[in-house]
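Notes follow the structure.
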Amino acid sequence: MNTSQTDALLDVRNLKVEVTTKAGSFFPVNDHSFSVKSGETLGIVGESGSGKSMTAMSLMRLLPKHAAKIRGGSVKLDGRELLTLSEKEMRKVRGADISMILQDPQTSLNPAFTVGDQIKEALKLHAPGGRKTLRERTIDALRRVKVAAPEHRVNSYPGEMSGGMRQRVVGAIAISCRPKVIIADEPTTSLDVTVQAQYLRLLKELQDETGMAILFITHDFGIVANLCHRVIVMYAGRIVESGPVAKIFAKPAHPYTEALISAVPSLHGQKERLTTIPGQPPAPTDIVVGCPFAPRCQYADARCHSEAPPTVAADQSGDHTTSCWRAVEA
Amino acid sequence: MAEVQISAQRPRRSLWQRSRDFPILPLAVLLIVFIIPAFFAHWIALHDPYVPNLRARLQPPIFFGGTWEYPLGTDRLGRDIYSRIVHGAWYVLAVSFIGILVGVVVGTTLGLIAGYVRGWFDGFVMRLVDISLALPAMLLALALAAAMGASFLSVVIVVGFALWAYFARQVRAEVLLLRNADFVARSRVAGSSHFRILFRHILPNVTNTIVVLATLQVGIAIMLDASLSFLGIGIPRPTPTWGLLVSDGRDFIATDWWIAFFPGLAIMLTVLSVNMIGDWLRDTLDPRLRQV
Amino acid sequence: MTETPILEARNLSKHFTISAGVMTKRTHVVRAVDGLNFDIAKGETLALVGESGCGKTTTTRLLLRLQDPTHGSVRFAGEDVHALKGAALRKYRSRVQAVFQDPWSSINPRVRIRDFVAEPLVVNENLTSGEVDRRVHEALDAVGLGPAHASKFPHEFSGGQRQRIAIASAMVSRPELVVLDEPVSGLDVSIRSQIINLLKDMQAEYGVSFLLVAHDLATTRYLADRVAVMYLGSIVEMGKTDDVFDRPSHPYTEALISAALPSTPGMKRNEIVLGGEVPSPLSPPSGCTFHPRCHRIIGDVCVSKTPVLSPDPAGHCVGCHLY
Amino acid sequence: QSTVVVAVSPLGADSNLYWTTTGAFILPSLQTLVGQDPETGKYDNSQLAESWEHNEDFSSWTFRLHPEAKFNDDWGPVTSADVVHSFNLHIGDDAKLSGISQFREISVGAVDDHTVQFDLPAPDPNFLFSHAGRGSLAIYSKAQFDAEGIEGYEAAPAGSGPFRYEGRETGQSITFSTIADHWTGASPEFDEIQFRWVSEPSTRMAMLSAGEAHAVTLPRDLQDDAAEAGETVLASSEGAMQTTMLFTGQFMNPEAEENRDARSYAWADVRVREAMNRALDRDAILEALYGEGVRTLPVYTMDPRFPGYSEEIAARFDEAYGYDPERAMELLEEAGYPDNFENPKIPLVVTSLAGNPEFAQMAELVQAYFDIAGIQTEMREQDWATGNTAIRGFSADFVTPMRNAPVRPSALGVQIFFTSQASPHLDVGDPELNKLGADLVSETDPETRDAMLDQMFTRIFDSYAHLPMATVPASVVVNSDLVEGWTFPGTTSSGLSHFELIDLK
Amino acid sequence: MLRYLLQRGASSLFALLIITVIVFSLSQLSGSPVDALLPDDATQEQIDIFIREWGLDQPLWKQYLTFLGNAVQGDFGVSLKWPGESAMGFVLDRMPATLRLGGLAILITLIIALPLGIAAAVYKGSAIDRIAQGFALLGQSMPNFWLGIVLIWIFSVWLGWLPTSGIGSFAHLILPAIAIAWFQISALARLTRSAMLEVLDAEYIKLARVKGVSEWAVVFKHALRNAAVVPLTYFGILAASILTGSVVIESVYSYPGMGWVAIEAIRGRDFPVVQAVIIAYAVIYMLSNLLVDLLYVIVNPRIKHG
C-alpha cells in the first residue's frame, strides 16, 4: 500500500460517505484511500452504482445535500485538508485548483446562457479581469479545446452545438483556470468512437501542457488501457484492486477484475466464447457480510462469504493492492 | 446512457414499500369528515337535516353556550348544522366524483387520441382545450344556470367542463412521449393494432397521471361547487351541500359564526386531506407530475 | 452463408422534411437514409456500424415497417414488405422481431412479463392460452429465466434480466429475422457479455438471422458475419466482418477502426485523425459525402462525383473513387 | 361637509331616464305629482301637485301645480308643459315602466300654465297610485330638454326635489347634494347623500359596522344581528310589501282550452289547496322569516289602507286557514292522496338568483311543514324570466313565492294576480273572478266597487286560491352613532323615500 | 418569430370564433329576454314590438350571423340593464378596474409565491419548506368568498384599516386583491418549488457549483432562468383564474369590474352585456397567452434558435 506518498498531489485517506434514503442507509464510498501525482492519470473503473461518482463528488464536496454525508477520512490537495475548509474557502478551491468534467454533455451546459458566458463565469470567479481580457481568455479557452472559429462560437447557445463540441466546451470550462486536478466522470460515454478518440487525445495534450492530474472515471477498459497510468477498481462501494495499469491487465489480482477484463470482446483477438460473470451486483442497501463479490465469484469459499477480506499487496512492489482472501493466502 | 443508469440505480419501489410514508392523518380526517358521513349519514346524523325547529333557532355550538343536542349549533331555521354537514357530504362526494369522472372520461379520451394520431385532430383538440381554459368556468356556470336552471346536472357539467381540459392536456403530453417509447415500437413490430397499442400499452401508462390529477382536482371541484352555491347557482335547495351551507351562513360570519364556520371547516379539511393524499400519490406514482 | 437472401433492401431511402425553425416557412430535407442496398441471408448476422445520426436506426425502422420508405423497397422472403396487408402482414409481423437498446423503455412497465413476452403470439396467431403459456415458458427458459418470473412486473428486474426478457419476447414467435438495435450498449460490462453469449446461442439454436446495429466495434466484430459501414445515410463499405476489420478499404472505415481503443494496454495503434466536424445530414457535402474529412482524397472527382458501391469478387463492396 | 351614505342592493337598472327602468327607484332629485305622508302613507300635496280633482266616473283627472315649484339649477318654474313633456317621454317606445301600458291610452293636456288634465280611457279610481306609490311619472324639465336634449338628462337631469343630482358611478353609486332653500321648505341636515349599490348583505352590514354607511338595507336575520350589535332598525310606518305563494296554471278552470295540463295539478282540487294552507303554521313561519310584529295576510293584495278591505274575511282567517295538520291530512285523504302524497311532487320555486333572500327560506320552511302533512315537494331553482316564460306559455306547474311591492290598491292587485284583466297570464282561470274583474274596470260607484271587491276576495279566500303569507313593512338599519331617526312610509317600489327626513345625530 | 406569433394569433382567433358560437347558443337556451326585460304586466303589443326590435323572430342562423357581424365590430348592442350604455362599451368601461385589481393580485401572487417557492426548493425539507407547503395547502382549501368576507371583518370592521368595499383609492384594491391572490399564491408557490427542484437536480447546476459559483448565483442565475419557464407557462392559466376569481370576489367587495358586470348582467338577463363580457374575458385570456408565448422566446433562447 502506497502510504504517505510525499509527492502525491491529491491524497485521499479512508474516505467514507454515507447515503441515507427511505429504504435505508449505506456506504457507497467505503474506506477509500488513493492518491494521484501531478501529470498522472488515475483510472477509476467499476460497475454502475459502485460509487464512482459519489467518490468524485465527495472530493469536490458537492454531495447531494440531504442524502449524502462524508463520514470520515481526509482529502488533501497539495497537503491542504479540503474536508475542513469552510464552504466559502472551498468555493475558491473548486474550479481553480480542482475541477470536474461531468458525464453528460447534453445536459451539463446551461441551455439558457451562451457558452461564452458560461466559460467567462468560471474565469471571472477565479481570475478576475476586464471585459476585454475576459473575452479574450474565453476565446482562448475555446481555442485550447480545439473548437473551430471560437470567436463566433462564444455567442452560441449549447443547443446549437453538436455533442462532441459541447463536451469540449465542458472541458474548456474545467481547464479554464488551469486546475491542478481534473476529475473526469465518464466524459466520453455518450460520444461517437471517432469523437471520443479526438477528445481523449485532447485531454492528453492538455495534461502534457499543464501537468495536471486527471482522475478518470469510466467503465470502459479500453480507455483505462490507453489513457491511464494507474487504476483503481471498485465494486459495491469498495476499492477491490488498485495498481499500475500494465500490471493489472497483465496479472489481475482480484477475481472481479479478472472477469471484467476477459468479459470484453476484443477487437482483434480470437472469437472464443466470452467469459461471463454470473448474477448481479448487490443492491446498495443489501447487507453484505464477507466479500461483496463472493456470490458471483468462481473461487469463493466459506470464508469469503463470512468475513470481509483486508486490503493487501498483490506483489512485492507495493504499488499493486487488492482485497481478496486469495491474495492474502498467496 | 445516463438515463439508463439513473433508473438502473433507483429501481421502482413498489407501492407497498412506499406505503410506509402514507399520510395516515389526512386519510383519517377524510374518513371522518367525508367518506363515512357520505355513506352513513342516516345513522350518524342527530337530526333530520331538512326539518326546521323554529324553537331552536341559532343555537350556538357546544362549548360556546350550546348543548349536546346540537353539537355544532343550529342555523336560522333551527336545523342542526352537524346533521346538515353530515348529509351534505354525500352530495359533495357525488358532485366531485361524477364531475371529475366526466372530466376524466372526456379529457382522457380526447387527449389519448389527439396525442396518438396527431395531425389536424390534435390541433382541433388543443384548440378546444384553449377555448375551455379561456372561458372562465364560473361564467360558463352562470350562463348555463341561466340557460337551463341550476341543478345537480348543471353543476356536474360545469365541474366536468372546468376540468376536462387539464386531463386532455396532460394526457396528450404524456402520450406524445409514450408513443415514441421503445415498447410501443416493439409492440407494433409484434403486430399490435393501433387500438391495442392505445388501450393496452399507452392507457395503462397514463392511468397514474389520471389518478393523481383526479385526486388533486377533487379540491378544485369542491371549491367550484361551493362558489356556485355562493352565486346561487349550485345544487338547488334544500340539499345541504357544503357550499350552500357556507354561503347561507356567510352573512353571519361576524355574529352567528358557526353557521358558516363548520361547513367551511369541513370543506377545508376535506380539500386539505385530499390534496395531501394526492401529493403523496403523485410523489409515489408519478414524480413527473410534480408540476401539476 | 451465401444462400438465397431472406431479406433484400433495394435503393432504400428515407427523407424527412423538417421545418427550418419557428420563424420561417422554409423546410429542409434530411436524407436520413439514402439508397441502401443490402441482403441478409438466412442464419446470418449483418451489422450496421457508423457514427451517431448516420441512419442506422432509421434503416431498422424501415425494415420493421414502423416507417415507410421515400424510395426503394424491402423484400422479405420475396415479398415487398411495405405492400403487405392483412394475413400476410400478420405473418410478416411474427417472422420479424426486434430488440431495442434501452432495456428500461422497451418493456411496458404496466404489463406482466408473461403478457409482454406473449404479445407477438397473441396478436398474430390463434393459440389457446395454454399453448401461449407453454411457448412463453419455453422462451423464458431459453434466455435463462425461470417460469416463476412470468407473473412479475418489469420493475422487479435488473437491466440485464430485462434485456433477456426482451430477447425472449423477440424469439417467442420463432422469427426468421430479429433486428437488434444496440442490444448491449445500455448494459454494464459484466452483464454485457452474458447477453452477447445469449444472442450467439440463440442464433445457433434457431438459425435466426440478425440485423445488428452497434456502436461498439468489438461487439460487432464478435457477433456479426458481415458488416455494413454507414456514413451520412449511405453504406460506404460492406463485407465479411474479418475482411472489413482487418483490411478496411474505405478511408472512413479505416478511420473508424483506428479510433477504437484496444482493450489491452501498450498496444500500438495508428490512429487516423479525422478533420472537421461530422457534417449535418441537412446539407450533405457534394460528391462523396466523406470528402471534406477524408485523408486520402484524390481530387476533384471526390467533390463532384458520388461514388458507387461496387463489389469485388469476394463480395466485399466499397464506395470510394480509390477503388 | 357631511355626506349621508345609504347602501342598498343593486337596482334592476341603472339610469337617469326613469322611464327606461322598470321603476324600482326614483331619483330623489326628481318629483312626482302626488306625495305621500311619511307617517300614514296617505296621498298629500307635498310633491308637485298642490291639489287635484276628478270627474264623477274617475276618468278625467285634473292637477294644479304648486305655483312656486321650480327646477333646480335655474331651469325655471315647473309648468304644465313640463308635465306633458315628461308624460310623452314616459309613454315612448323605450319605456319599460311597470304599469305603463295603462298610460299609453291616456291623453294629457295643459289647461293652463299650472293645470294639467289627464283623460283616461276607462274609469280609474286608483289613478293617484300611479303618481305616488308606484310613481310612474317623474317630472323632468322641458327647458333642459330643449336646451340640451336627452343627453342633458343622461348627464345630469334637473329636478325639482330637495336634492340636486351630482353624478353617478355606474353600477356603484349615485350622489346628490342638498338644496339649501328648497321651494317646499324642506332642508335636510346634511350636504350630500350618496346611494351605494352593494350586492352582498354581509358587506353592507360590514359597511354599517365600520361606519362607512349611515343606513343599509339588510335581510331580516341580519337586522336582528345588527340590532344586537347596537344598531337601530327602522321600520316603515306602513306595510310596504305583501308576500304569498301562488299556484300557477289556471287551476280553477281545468276545462280551459289553453290549460291543457291543469287536470294533472294536484292543486286543481280545492281540498288539496285547503290542505296545503292548513299545513302551514303561519305564526311560526312568519316569526322565523320576519320576526315579531308582522301581520298575517288574509288575502294577498287585500290591504286595510285601500278600499275593498273586508273585516269579515280577516276575522274568519284563523278558522279557515289556521294551522291544522290533522285536518290537512284528512283533506288529502278525501282528495285521493291517502298516505304520503307521493306523486306528483310539487315543485316549489326558489329564486335566489334574482336576489330575494327570504324566498329561499320561505320555500324551505313551507316545504318542511308540507312534509309533516305528507305533501311531497321539491325545490326548483328558477329565475323570474324562466318562470314567466312558463306561465305565459301555460306550461307552469309550480308553486311560486310572489310579492306585491309596493302594496297596490286592492282593486289593482287583485286584477293583476288573480284575473285575466291586467295580466293575461297570471290569472287563476276562474270565470267568476274574471267576470267580476271585467265589470270592476268600468264600475265607478264606490260602494258597488267595494261590494264587488268583497265578492272577489271572498271567492279567492273561500276557494283557497293561494297561500297568503304576510304584510311586511320596509325596513332599514341605521348606524345608531350617526343617525337619530328617519320616517318613511314604505309605500314606494324600493320601500325607501323621504330622504330629506333623515335625522342625523 | 413573427410567424410563430401570427400562427398563435390565428389559432386564438379560431378559438374566439367557437366561443362566439357558444356564447350565442347559451343566450338561445335560456328563458326569453322578453320575460326578463319587460315588466310582468306588459301587453302583447309591447311584447311584439320588443320581439321585432331584438330580431327574435328571425331564424337562428340569421340571428347568429347578425350577432357575429356586429360582434366583429365590437357591437353587441346596447345594454338592457344599464340603459344608454353600449354593451361592449360598458364592459370596456369596467375593464380597467378589473385589470387594476387583477394586476395587483398577480403582483401580490408573484411577490409572495416566487420567493416562497424558491426558498422552499432551496431549503427543501427545512422549516421554510414545511411552512410554505402548509401555507400552499391551506390556500388551496379555503373558499375564496369566505376568505373575502373574513378579511372584510378583520381589516375593515374590527381593525378599521381598510374600506369594506367599493372602488376608488388604492386602499380599496388591497383586500379584494389579497382574496383573489390567496389561492394563486399557493398554486404558484407549489409549481415554482417543483420546477426549481427539478432544475436544481440538473447536471448544469452541478457544473456551476463545480466552477465555484456561489450558492446565490446558482439559484438565482442558473436555476431560476431555466425554472422560470414553468411558472411562465402557468401565467396564462393564472390570468384566467384571476379573472374567474374576480367574478366572485368583485361581487363580495361590490367592486364594479368585469366580474361584477358579468354577474349583474346575468342576473338581469342583460344578454348583450353577458355576451360582451364573456368575449372580453376570452380576449384577455388569449392576449395574456400570446404574451406568455412572447416571454417564452425571451426567457428561453432555445426557441428562438429553433
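As written, the chain order gives the labels A, B, C, D and E, with residue 1 at the start of each chain.
The rule we apply is simple: a contact is a pair of C-beta atoms (placed from the backbone, for glycine too) under 8 Å apart; a residue touches a chain by one contact, two chains touch by 3 or more.
Since this is a predicted model, take the numbers as computed values, not measurements.
Number of steps on the shortest path from chain A to chain D, with steps defined by chain touch: 2. The greatest centre-to-centre gap from chain A, using C-alpha centroids, is found for D.
At the far end from chain C, in terms of centres built from Cα atoms, lies D. A separation of 50 Å divides the Cα centre of chain A from that of chain B. Centre-to-centre spacing of chain A and chain C amounts to 32 Å, using the average Cα coordinate of each chain. Note on chain placement: the centre of chain B and the centre of chain D lie 44 Å apart, centres being C-alpha means.
Between chain B and chain E, the centres computed from C-alpha atoms are 22 Å apart. Annotation for chain A: residues touching 2 or more other chains are 48, 103-104, 107. Chain C has residues 158 in contact with two or more other chains. Residues of chain D in contact with two or more other chains: 200, 202, 206, 209, 353, 383, 386. The part of chain B that touches chain C in the complex is made up of residues 1, 3-4, 7-8, 11-12, 14, 181-183, 185-193, 196, 200-201, 204-205, 207. Within the complex formed with chain D, the chain E residues making contact are 30-44, 46, 49, 80-85, 90, 93-94, 149, 152-153, 156-157, 160, 163-167, 251-254, 256, 260-261, 263-264, 267-269. Within the complex formed with chain A, the residues of chain E that make contact are 124-125, 202-204, 206-214, 222, 225-226, 299-302, 305.
Residue ranges on chain A touching chain C, taken from their complex, read 47-48, 148, 162-165, 192-198, 200-201, 219-226, 245-246, 249, 259-261, 263-268, 271, 273-278, 280-281.
Note for the complex: chain D touches chain E at residues 10, 12-15, 17, 20-23, 93-94, 96-101, 154, 169-173, 196-200, 202-203, 206-207, 209-210, 212, 353-355, 383-389, 392, 416, 422-424, 426.
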